[in-house]
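Shared chain: chain A. Partners: chain B in the first complex, chain C in the second.
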Partner chain A sequence: MTLSAAIRTGDVAQLPGKRDEDWRWTDLRGLIRVLPPPSPEVSGEVGDGPFGPAELTIVNGRLRGDTAALVVPAGETRTVRLRFVSASEATSHGAHLAVELGEGARLTLLESHEGRAADYVADAVLTIGVGKDAALERIVLTNDDPGAVTVSTAIVTLGYGARLSQTVLAGGAKRQRIETRVEHPGHGAQVRLDGAYLLAAQRHADLTSVVTHDGVGGVTDQLAKGVVRDQARGVFQGRIVVAEGADKTDARMGHHALILSDRAEVDAKPELEIYADDVACAHGNTVGALDEDALFYIRQRGVPEPEARALLTEAFVGEVVERIEHEGAREAAAAWVAARLGG
Partner chain B sequence: MAVAKQTVEHVEALEKYKHGFVTEIDQEFAPKGLDADTIRFISAKKDEPEWMLNWRLEAFERWLVLEEPAWAKVHFPRIDYQDAYYYAAPKTKQGPKSLDEVDPEILATYDKLGIPIKEQMVLAGVEGAPKYAVDAVFDSVSVVTTFKKELAEAGVIFCSMSEAIREHGDLVRKYLGSVVPVSDNYYACLNSAVFSDGSFVYVPPGVRCPMELSTYFRINAAESGQFERTLIIADKGSYVSYLEGCTAPTRDENQLHAAVVELVALDDAEIKYSTVQNWYPGDPETGKGGIYNFVTKRADCRGPRSKVSWTQVETGSAITWKYPSCILRGDESSGEFYSIAITNGRQQADTGTKMIHLGANTRSRIISKGISAGRSSNTYRGLVSAHPKAKGARNFTQCDSLLIGKRCAAHTVPYIEARNGQAVFEHEATTTRLSEDQLFYVMQRGLSQEEAVQLLVNGFVKDVLQELPMEFAVEAQKLVAISLEGSVG
Partner chain C sequence: MLSINNLHVSIEDKPILRGLSLELPAGEVHAIMGPNGAGKSTLSYVLTGREGYEVTDGTVTLDGEDLLALEPNERATKGLFLSFQYPLEIPGVPAMHFLRTAMNAQRKARGEPDVGAGEFIKLARETAAALKIDFDMLKRALNVGFSGGEKKRMEIFQMAMLQPRLLILDETDSGLDIDALRIVADGVNAMRSPERSMLVITHYQRLLDYIRPDKVHVLSAGRIVATGGPELALELEREGYEKYERAAA
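Entry: the complex of A and B
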């Protein structure tokens, strides 16, 4: 039951729906009665993405140039900008890209999902292998059309001692899901899995992740934040699995959301699934409005209320942005956040 | 040393499940299997009015088209619903008029369970000791309800469900199925069709129920299921505290217990519902036998400022699958859920609560402590939701899991659905094992490992234990120790 299978076969029965436990808050089957026709090939210019000129560009599901995979050989360090562009109105497409990091390699992957048309249905799958002692920092920015339905899935396999640091910034769409699955072998491997969704109007965004700890001594640190206003809907589903024998696992998950209107909605399911006893796992989840005391404090200092609210909201999301290691990416992310909180 | 002595006694008494005996009494069964005739048989046996039979038959029709749910983290072979007895009752010529007419074997059974059915025994206790009225359900029927007269003076109705259907038909008709609708879920629907007995409580406006009410459920007959139905109504401004305890004999087969409990709290009323569930958990080594405890419990805080508090100590059953819930409909109503769930051996538990905030300024609080040992699996699953009208709703949830041993599992699956900007939800959860440092410290003071674990576990669950009524708290504390028997070393 995936969107990619539905696009490939044209069969809407393949779409996941609210009766599937993992899709209860992102019902695609109930939404899409007929899949739009396949997207055409587009050869024209698509301009620059939010991170500047890109090394890899995928338009309507087709990779430009003749690379089929992104490979970083052992020991090398790279920064790659990867763009997924949807350029044709009311059409559907799927894309797949393999990313491979050799032993000790380093990659900063600056990924963007951009809508240059309306009402498209887009699916993207990344399969990522991070070799022994290699490090991947992945930053994902989305700028999708409000009428689009998009699903982006990353399946990450880590080697011993590998590091994954990820930050997803979701701006939402009609339905937008960004899913990350991590096979975590422990043995010195470390994962940081952050995300934020900033939603207005009737946008929806779903951050879903599953981290499976299979070996001894794995570390996972997850922080997700959300701000919803108007009639927007934010979804967070995080699952941390600790398999039998994965002792000394240290996993922490936090999800915190602000609801800034009376009709916005946040749905969250932070899950722990634990089959080993010598572990320290915790999750925290809070949903609420801005702290009135903090607001009062700032206004007392002479700051007008709208600015005080903006300041607090920015600080709230700022925690996620600050954890981005790549400086340029951090600035791009900060600009992305500012543009969305400004209104 | 008192602690040591008590531990030794525990171990001796509880090498095995101590309630695992079978009482040999004459029983009357409905024919095996389930069809409309079985339901007519049950209804006729209980001398029910026409509307009740129709209600059951309608439920049965709906059950036939429902699908068995499979989303819980529990695994068990498919249940053959035709291979069970749906009605088993101790044989009596007529309904017992007083305690003297109850089969002495049954009384002896309750005696063994330590339930003070005989009022004299309670009265013989210390002067001023708290009294509690008991309704005892043996397989499918309620055998005896005590203290009726005293309760009647206060205007409280406390009787078996079958009696309530006959004598307080209007009340039953008004409230039955109003909290848990007939086709709410697969097991509740089955229960609506075949429920045999249970307790009924009505507390009139402004009355504070003068004593604790309690029910003991016992499954005795082989190959039978128990489907009790409890309905408690607290009218405006009233208060009632209700306790429930359960046991079953040791058997190789699995037995189904699919109960429905409905609570209704009107304006300013308060209901406190405590459960100590100790059904036979199955063989700890092979996982053979044990009770499937698939129960639907729900409270409707219908009136403003009403309050419902669920406290549960779940130590038994092969599989526990239940979520005592509160629908917070009235403005400023509040719900509480305190739970200790302990699994050992091959037990599986998927339990938690639902707090559904509908009214303004509603409040809820969830404290859940899960302990898994042996090769068991323990899941907390809870839903907290706020609807757009639930302005100012607040929830605080804390669920902690403790793992004892290498082959057990603990899961936490909270669902949070916030649909307005003025609700505040906080949730925190931790999963750890017993701290080596704490164990070392306690053992250094001269306690054995077993004692040390008991002490630490009792500390871990203390927040919940203190919510139980006094008599139950003591029993529950012992039960906690017993359930963990053999989990260390």
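Entry: the complex of A and C
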């Protein structure tokens, strides 16, 4: 059951919903009675994305230019801006892109999901292969329409010694899900899987990830943070599986959310499934309000309450932003956060 | 400068301060001593406007202005500064950024221009050096992972940077070894001036060997039950609070 299949076939019975354990908090089957018609081809200009002019632009599910895949040959280093633009109101489309990094290659992938119309349904799938000793830093920014339903899935396979560093910044939509699945071979491969969701009004964002450690000596470090206000809803589902024999795995997961109104909601499900004996795994999960004592302390120093709240909230999310390695992406991410926190 | 008249304060309907009166003229340093539970910290919090403290009677004025009508940040802008007994950790906010935000918020409220980056850093460097604070510590998140003594020194650092007119030191000596105590006291003494007043709240007399008060008040069961010179602190150190607790009961 996937949104891709439903869009491809036009059959709403293919939509994932409550009966699928991993989709019970993001129920598309219950939400969508009829899929909107397929999105038309749009050939006009779509301006620049949040990272500037893009090397790859996918509009309404169609990749512009004559590239079919993003390939970084062995030993080479690239920075690629990849945009997914939804440009037509109340239509649906899906897109797929393959990303391949050869041995020792390095790629900074600056990916944005942008709504330029209302109420669309969009699906995006990336299949990513990171070769032996190659390194991918992927930063995902979303600017979806409040009436949109979007699902973005990345399926990542890592080689020995490969590195994946990912930061997803989700602004939500009517329903928005960003899912990452990683096949982790251990053997020196490292994964950093970060995310933040900043949600207001009635927006919904779902950060879901599954990392499967299949080999000895893998490292996974995950930090997700959320800020929800109004009637927004944040979902975090993080699963780390350590298969039998994947000894010396070092996996850490943290999810921390701030709920800034009585009607906002956060649903979190951190899971560690461990079948190996000799591992170091830990997870932490907190959901709460801003620290009133800290707020008073800041106000006692002369800072008015709204600014004191903004200072604490921005610092809370800042930890995720600071872990972004690419400087330009870090700045774009900081600007994205500031815009959403009304700073 | 500060005038407290017949102040009654309750926390969740439980009376803590019961008719506290105090005059703190400009330029003077007054100590408030008292046993645990006398209401010392309540006094510091109600003066600075923390939520949860209900003033049921009495007045507090700062240079004739009703202090209790102001928001905590407005009180700070008027020059009121509390050195916290337990300074809060502010994760993710470097000490320098925190302090510059505070300084500029106060300046903005007073209609003054922002402090320039160069000017601010120069001032911070000099002030930190005087308090033997490693400048690199100011780049770390405020108070996160700092020792008790470091946190207290950071309070005095903030105080020296913000140059308040009315200082409340709440148990500033707790958690300090003798060397740190001397550094902190030197920092406080350097701020003594005819335009600045201080309220030094302490359980022990020790701090008052370093910060010499003009007057000592004994707070017991929510009221000032005795007032005297520095010799009163020595008497309390010798004889304890028992006689005042009996008197207040």
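Note that the second predicted complex is superposed on the first by the 342 of 343 C-alpha atoms of A that agree within 3 Å, B and C clash if a C-alpha of one lies under 4 Å from a C-alpha of the other, contacts with A are read in each partner's own complex, and residues count from 1 in each chain.
We adopt the following convention: a contact is a pair of C-beta atoms (placed from the backbone, for glycine too) under 8 Å apart; a residue touches a chain by one contact, two chains touch by 3 or more.
From a predicted model like this one, the values you see are computed outputs, not experimental measurements.
J.: With the two complexes superposed on chain A, say which partner A:L136 touches: chain B (first), chain C (second), both, or neither.
T.: Once the two structures are laid over each other on A, A:L136 reaches no partner at all.
J.: Based on the superposed arrangement, let me know which partner A:V99 touches: chain B (first), chain C (second), both, or neither?
T.: A:V99 contacts neither chain B nor chain C.
J.: Now for A:A124: first (chain B), second (chain C), both, or neither, which partner does it touch?
T.: neither
J.: Tell me the contact category for A:F316 with respect to chain B and chain C: first, second, both or neither.
T.: A:F316: touches chain C, not chain B.
J.: With the two structures laid over each other on chain A, which partner does A:N285 touch: chain B (first), chain C (second), both, or neither?
T.: So A:N285 only meets chain B here.
J.: Give the label of whichever partner, chain B or chain C, reaches more residues of chain A.
T.: Between chain B and chain C, the winner on chain A residue contacts is B.
J.: Would you sort A:Y297 into first (chain B), second (chain C), both or neither based on which partner it touches?
T.: Only chain C is touched by A:Y297; chain B is not.
J.: Have a look at where A:I7 lands relative to chain B and chain C in the superposition and call it first, second, both or neither.
T.: Neither partner.
J.: If you stack the two complexes on chain A, which partner ends up touching A:A332: first (chain B), second (chain C), both, or neither?
T.: A:A332 contacts neither chain B nor chain C.
J.: Quick check on the complex: what are the chain A residues that touch chain B?
T.: 21, 244, 257, 259-289
J.: Would you tell me which residues of chain B are touching chain A in their complex?
T.: 71, 388, 391, 401, 403-433
J.: State the interface residues of chain A toward chain C in the complex, per the touch definition above.
T.: Within the complex, chain A touches chain C at residues 291-294, 296-305, 307-308, 311-312, 314-316, 318-319.
J.: Which bits of chain C are touching chain A when the two form their complex?
T.: Counting only chain C, the residues touching chain A are 48-51, 71-73, 75-77, 81-82, 84, 87-93, 98-99, 101-103, 105-106, 109, 141, 158, 162.
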